[in-house]
Structures are given as C-alpha cells and as structure tokens.
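Two complexes follow with subunit A in common, the first pairing it with subunit B and the second with subunit C.
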Partner chain A sequence: MSGAVGREAVFPTRQSLGLMKNKLKGAEIGHSLLKRKSEALTKYVSIPITISRYILTFHLLANRRFREITRRIDEAKQKMGRVMQIAAFSLAEVSYAVGGDIGYQIQESAKQARFRVRAKQENVSGVLLPSFESYLQEGVNDFGLTGLGKGGQQIQRCRETYARAVETLVELASLQTAFLILDEVIKVVNRRVNAIEHVIIPRTENTIKYINSELDELDREEFYRLKKVSGKKKRDVAAADAEILAARQRAAEEQAANPEAAAKTPSTKEEESTDVLGENEDNDVIF
Partner chain B sequence: MAASAATSKDRQFLAVIGDEDSVTGLLLAGIGHVSDGPDADKNFLVVDSTTETSTIEERFQRFTQDRKDIAVLLINQHVAERIRHKVDAFTDPFPAILEIPSKDHPYDPEKDSVLKRVRRLFGE
Partner chain C sequence: MEGLFFNVNGGYVEGIVRGYRNSLLSGQNYSNLTQCETIDDVKLQLAPSYGDFLASLPPNPSTSDLAGRMMDKLVSEFKYLTAQATGSSAEFLEYMKYGYMIDNVALLITGTLHGRELKPLLERCHPLGWFETLPALISATNIEELYNIVLIETPLAAYFKDSLSHQDLDELNIEIVRNTLYKNYLEDFYNFITTHPDFRGSPTQDVMAEILQFEADRRSINITLNSFGTDLSKSERANLYPQIGKLYPEGNYMLGKAEDPEGVALACSAVADYKAFFDNVQGGLGGMGGGSPDGKSLEDLFYQKEMELSKLIFTRQFTPAVVYGWMKLKEQEIRNVTWISECIAQNQKERIGNFISVF
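Coming up: the complex of A and B.
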C-alpha cells in the first residue's frame, strides 16, 4: 500500500530530511486532533436532541450513538404528526363553532408575523450550530378577529394549540438543521482524517525512507572513496620511501666507492625535497 | 460556514406552503407576514387541487433562494411530493425545510427528503 501512494519529489538532502520529519510530525498531530474533533462531533450529534425535549420527553440521553439520530428524528416526526393532527382537529372545532370557513378571512387579515424565530448560535468544536428559538413579536396586533362573531373561545384555544404545534415544528427544524450541518462537517473532517492517514503519512514516510537510503548510499560512496584515497596515498608513500632508500643506498655505495662524491650530498638532499613536492602534486591530482 | 452563520441572523420568519387548513391553522398561530412595499409578498401559499405545480415550484424557489428572511419553510408532505425533485435537490441548511402532515394526508416518513438523506448516509 505504501508503494501505491509514492513519494514526494524532493532532493535527498539532510535539509529535506529534516523538513519531511517535521511534516510527518505535523501530520500525525493533525491527524489525532482531527480524529478527536470527528469523535467529539459524532458524539455531539445526539446532543441537539436536548433542544427537542418537548418532542422527546420520554427519551433519556443515555445512548449517544450516532445511529440513534435517525430513529429520534423519525420519532420526532411521528410525534409531529400527532401534534399536527390535534391542531387540525381543533381547527375543525373552530369551523364547526363559527359555522363557516374562516380560512379566507384569516389569510386576508395576516399582515405582520407575531410568531417569529431567532437563530442562536452555539459553538461545538469550532462548528457554529444554529438553533431556532421562537418568540412572539411584541406590539403586533394580529387579526383582531374582526367579523368572527361566534366561537371566539374555540378560536382562542385553536390559536394556542397551533402556537404549541409551531413551537414543536421550530424545534424539530433546528434539530434537523443542526443535524444537516453537523453531518456535513463530520463528512469533511472524516475525509481529512482519511487523507492524512492513508495518503499524507505514508507518502511522507516513504519520502523519509527514500532520503535515508540515498544518504546512506552517499555515505557508503564517501567511505569507499576515502578508503581508496588513503590506499593510494599509502602506496605512494611506500613507493617514495623505497625510492629514497634506494637513492641513499646508491649514495652510500658511491661514497664507499668514491669518497670525493661526498660533495654531491647536498644535491641528493635537493632531489629528496623535489620528491616530496612531487608527492604533493600527486595528491593534488587525486583530490 | 461563516457565510451561513451571518445570514442566519436575519432569518426570523416562517413560511408555509400547504392546503387551506394547514395554512389557516398556522396563520392563526401568528406566523403570517406580508412584507411592506408595492410588491407585497406573502410568506404563505395555499395549495388546492387547482394550483399549478409551476406555481408551487415558483413559490418554493422564492422562499428558499430569493428571500433571505425565512428560517423555516413548512410544507405539506403531499405538496412536497408534487415538487419532490426540487425538495430533494435543496440541501442547504437554511432555510430548514420541514415536511408536515396535513389533515387528509398522514405523515409518511419514507417520503421525507431529510429522512431519506439521513438513511442514505447510514447506508440503510
């Protein structure tokens, strides 16, 4: 698998090795942080349920598993169905009491919304979650119910029922919104976690391995070269020594055979010094 | 995320698309709002058997895309069925779209766009 992700295109130098090591460390830290974030969010998904406590009175928050969400939203929606049914029934009562259809009148008299929502925001692991809160706008005189001579009491009750139903709906809506946003964020975070885990970390490790092997190779090359050089040096020195020794022997023999040659000794010394110079030259050529 | 956070502050109304009874009841609760100005814009739409699907689509578009002051859009499920492709295609967090039952059509969780999405996420 590590072969599949390849490596980054870098020069195998010590500097880039250091860079890669830092990058790997950073990736590992990032990975653990993101993983924790993802876990925290996944857990949190179940918490927005608390906002819908009206809907879910019978539910304890003991089980915080992500999968529970579906069921809870499901149940909340079923409950919503019942609430709406009750509300519809109370509207039917109104129609009965008024003795006619009030729909048109009510639609015509709607001017300013009395029932409004405001969005609050909650910060969960860096994710801004909105939650809607319903409130009644002050000073909005809705309807006045002009012309509705009969059934005022039923209408009042119906309004209250519907207001409660709408509150439930608003809470369900904020639950739903929180869920959608969280879900989106969790997906993104998980994608990053996976990318770091399966691409960035293996690739960086591969690069480090590659740089290390290249550096080792360079080391071996250097070692071999140094050995070669020192071997050659040794050989040269030995050759020079042998030459000097031979020259001395020759000089001694000549001296023994011919004592006047003693005057030539300084010239031999000169020769020796040029030999040394020659060796230096050799060295220079090699290096 | 920041952009949606900024816009969510201004969203304070509910909107409703539904049959007459649902709309009447919700208006009784006081969610009805008619904007000022010459092009008075209502935040509710009554749908009956004679309403064109294109009208519903147009209002849905208006409530979800054009108007920035709507926080929650309530829509009867049987109405949502008529414009299901539009409801399915809408995935933004704002406004929240809530499918509600109507008197004649009980709620069926199988059809709900959000629940369908949730199920798909869990691979069920």
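Coming up: the complex of A and C.
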C-alpha cells in the first residue's frame, strides 16, 4: 500500500508531524461519517451529528431522498403501466362507439393545451432538482363537440383517461430527472469517500510514519553523539585528575627533598587548579 | 303486385345481397373468435368469410390493419352491387353513400379551415363516400371557394344550400356542420323512400321508414346527451334534430328543452322502445359507454336495436332495403371484430363479450 500511495513531500519536522496528525484526524472523522452514511443507505439510522454537520446532513438527506425517489419511481412506473393500459383500452372503446377515424378531426380542432406542465426548482441540500407539476387549464375544451352524433361520451371519457395517463407520465418524468441528478451527486460523493479511504488516509499515515522514523533516527544520532561527548569528557577529566595527582606527588617529593621551597609550592598548586577549571569551561563551551 | 316486376331490375342485386348475408359471422363464429389468443388466431377464424382480403396481411397485424382489410371487402362488395343496380335501386344505393360523403366533405372542410395540405386527406376519406368529383374539392384554397365547389360538384349541394352559408362553414364548429348536413340527409332520404313512385307503399317504405326514423331519433338523443357540458346552445341544438322519427315533433321539442339526462329520459318516455332503453341502462346515464362488463350502455342498446331492425329487413322481399340492412350488419361486424381483436391485443379479456351479435 505504501508503494502505491507514497507519501507527501514534507520536511520531517515536528511541526509538519503535528500538521499531518491533524490531517489524519480530519480524514478519519470524515471517513467515519461517510461510513455511517453508507450504513444509512441501507437503513436510515439517526446519527449523533458532531463535526461536519453540513456534509453529514447532506448525505443523509440525499440518500433518504434517493431511496424515496427510487421507491416512488417504481410506484409511478407500475401505475403508468396500468393507466396506459386503461387509456389504450378507452381509445378502443371510442373506435368501437364512433366506428370511424376521428384522429384527424381531433388533431385539427385542438388549438389550446388543456393539460399543462409547470417546471419548478427544488433545493435539496444544495442540489437543484427540477420538478414538474401538471395542471388542467380549465375552460379549454377544443373538441368538446366531437362525436356529437355518436360516441361523444366515449371521446370525453377517453380524453380524461389520457389526461390521467399524461399526469402519471409527468410525475414519472419529474422523478426520473431527480433520480438522475441525485445519482450523479451520490456518485461524486462516493468517489470522495473512496478517495479518503484509499488515498488520503494511507498517504497521511505514511507521511506520519516517515516523519516519525526520521525523527527517531535524529534522536538516535543525537543520543549517540551525546554519549560520545560525555565519554570524551570523562576521559579528559580523568587525564586532568591524573595530572594534578602527579603534580601533587611531585610537589610532595620536592618538599620532602627540599623543605625550603615548601612555601612556594602551594601557590603553583592553586594556579594549576584554576587552569583545569578554565579548560573544562572551554570544553563545555565547545560542546 | 309490387313483387311482380321487381325482379326484372332489382332481383339480381337482392339475390347477391342475400348471398352476402350468409357469410356474416354467426354467434358460433363470435364465440370462436373470443377464444383466440392472438390476432393471428383471429385472422385464421375469419378466413372462411374474409379469406382473400386477409391473406396479404403480415403476421400479427395491427387491429386497425385488420379492420381496414375487412372494410376493403365491404367496399368492394358494395361497389359490385352499385355496378349491378339499375333504376330506383341504383338511386337507393346512391342515397346510402351520402352519409359517408358527408363525413368526407366534413373532413375536407376541416382541412381547408386549418389551411392544411388536402391531398393526404383524400386517402383518409371513407371509400364508401367517394364520388368522382371529390378530388376536385382539394383545389379549393379558401372556404368560400370550397363552398362553391361543394355546391357545384357534389350530390350534397341540396343539403348545404338551404341551411348553411359559406360563413357558417367558417364560424360554426365542424361537428355542427356535419350534424346539420346529416339531419338534412336523413330527412331527404326519408322523403325519397316515402315519395318515390317505386317505393311508395312498398316493403321498402315500411322497413326503411322505420329504420330511418330510428336513426333520426338516435341522433337526436345522442346530440342532446353529448351536448351537456359543452357550449352548444339549446336553439342550435334543436336545429340539429331531424324532423322525422317517432320523437318528432313532441319528443324533439322536449329534447330541445332538456337540461340533464333525466330530461332526455322524460322526453323519450312517450316511445315505449326508447323508454325501455333508458330503464335498462345500468348505473344511470353517467356511466354511458358501459363501465361494467355486463352492463349495456345506451349506445350499445341503440346499436343492438339497429342490428335487430337490419336483421328484420331480410324478412322482406322485393326491396333494395336489404342492401342497407346488410351494410349496417357488416359494419357492426367489423366493429365487433375490431373490438374483439383489440381486447385480445391488449389482454383485456374481461370485456371481450361486449359486442353485438344478432345471428
């Protein structure tokens, strides 16, 4: 996995580690929300909304709406099947009652639309869904007199049946459009889910791992160096101690051999000890 | 006495029609048809009476194609009859065609009013209503021209002349024009069979008078019922009632005043037959057209009555009225078969029995 996603190009510093950790946390929150969302797809459960309230509500709404739409599309399609059948049959009734072709006359006498459709836009969590609404224009009755001699009633009834059929079609069209648009939106969202799950989170994790390992490496180097330095220091101190000791012995021997010069020696001893301290301080400064 | 010389001129035609009558579908045929599963089966069942005409249909034809071929057969048979008829019989057959001519002319008027290309409309015209000068009508560019051509060229001139002006064609709804023409036609036809020397006092007058009166009454009643809820005024409506029939004059007057289906029923109550229709219609007149599978609508009852009258014509001899009866029966048969095949095609078998069979 690490080979596939790689890591982000950052300097392995503590600051960027902090940044990455924040990023991972954000991605994980997002992912868990999306995970819940996918559960909500199959079964709507109420989720305590914490962060990303907007995204979450959007997903829930969209999904609930999506499922509702698919259910309603199913219903509308079945209804359309029935209604269209009835409508086609009522046309058969007309041709039986009239006993001739009235199609041309109907076409010619229909001047104004009686059945009309109004288009509206509905805002569902930021997605604009067009919705169509059908209504009857009252008072438009262009072929009211068709079939006056015979079959008039059948023609009027047939028209009503077909008006119902068209109404179902309009309803279905509205649902289908909403379905397509929501489908598109949900696809996009799902793509984001997958991106977070399979790309962003692993990459961030990798980066964190990388930064951690680099920092560990630095730590180890530092530790080793400190150890080295302190070892050297010890050695130096030991050498200085030995020198002082040797000097004291020599002085003692000299005193033993020449007690007159004894008054002079303590002064030299003091000078040497200050020198040693001075040396130590210098070393410290270097380190 | 009237039978003595009838066969000299009309015997052949009458004989042919009686032969045609035997090929009408019987109740047995219909019950076979209702058992069919596909349109192909229907085609097969129709083969004995329609063989040649259905042969060229593709497998599983549409209902309208099927009906079209059946109509073709009717037309070709009728054309043969008109070619054979002479004298007053020929005139009688000519009268039968006028009804279809009215439809055709109305179609062309509709086309002219809306400024359509008229040529394609000629194909839509009913073949029975075809007359030689019909194509001349399409040369008209405006309604006034058309009106003049109709007056000059068509046999329907008499029906136009007294009751419609060319402004009327422009202003009135085409349905009103059509029904006015039809009213004039029915009255003229009635006048023809009651006054023509060959038919006066003959069986032709007996049967045709009855059937034309029935037709007139049926139209009056239908127009009244169908006008409810439209902007057709009562006086306009009253002008469309043919002035013959059992309802004339009193019933027509009452129909003219009727404001609801009950008023129509009241107007018809004077005639026993029609009263029975209104009593029999189930679920009131609101359910006309037959909502339930077994309940007959008023329209169905009228068709039933028409078929019975047409069947009765065959009990008479020495009359061209048999052609009229045969044609009505045949038309009903086409409607029946269309209905049955429509039910089969749409898989709505529960109402398949809703046809009218009289044999």
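Following the convention adopted for this analysis, the second predicted complex is superposed on the first by the 154 of 287 C-alpha atoms of A that agree within 3 Å, B and C clash if a C-alpha of one lies under 4 Å from a C-alpha of the other, contacts with A are read in each partner's own complex, and residues count from 1 in each chain.
Operating definition for what follows: contacts are C-beta pairs under 8 Å (C-beta built on N, C-alpha and C of every residue); 3 or more make two chains touch, one makes a residue touch a chain.
None of these values were measured; they are calculated from a predicted model.
Contact with subunit C, but none with subunit B, is seen for A:Glu93 once the two complexes are overlaid on the shared chain.
Touch criterion not met for A:Asn194: it reaches neither subunit B nor subunit C.
Touch criterion met: A:Arg157 reaches subunit C, while subunit B stays clear of it. After overlaying the two complexes on the shared chain, residue contacts for A:Phe179 are found with subunit B alone; subunit C is out of touch.
Taking subunit B and subunit C in turn and counting the residues of subunit A each one touches, the greater count comes from B. In the superposition on chain A, A:Asn22 contacts neither subunit B nor subunit C. In the superposition on chain A, A:Arg116 contacts subunit B only, with no contact to subunit C.
The contact surfaces that subunit B and subunit C form on subunit A in the two complexes overlap at residues 85, 88, 92.
Chain contact summary for the complex, subunit A toward subunit B: residues 67, 69-70, 73-74, 77-78, 80-81, 84-85, 87-88, 91-92, 102-103, 106-107, 110-119, 121, 127-128, 130, 132, 136, 140, 142, 155, 158-159, 162-163, 165-166, 169-170, 172-174, 176-177, 179-181, 183-185. Those residues of subunit C lying in contact with subunit A across their complex are 63, 103, 106-107, 110-111, 113-114, 116, 121, 124, 126, 173-176, 178-179, 182, 218-219, 222-223, 225-227, 229-232, 240, 288-290, 299, 331, 335, 338-339, 342-343, 346, 348.
Interface of subunit B with subunit A (complex): residues 1-2, 4-5, 8-9, 11-14, 20-34, 42-44, 46, 71-72, 74, 91, 93-94, 96, 98, 100-103, 106-107, 109, 112, 114-115, 117-119, 121-122, 124. Listing the residues of subunit A that touch subunit C in their complex gives 85, 88-89, 92-93, 95-97, 99-101, 104-105, 108-109, 141, 144-154, 156-157.
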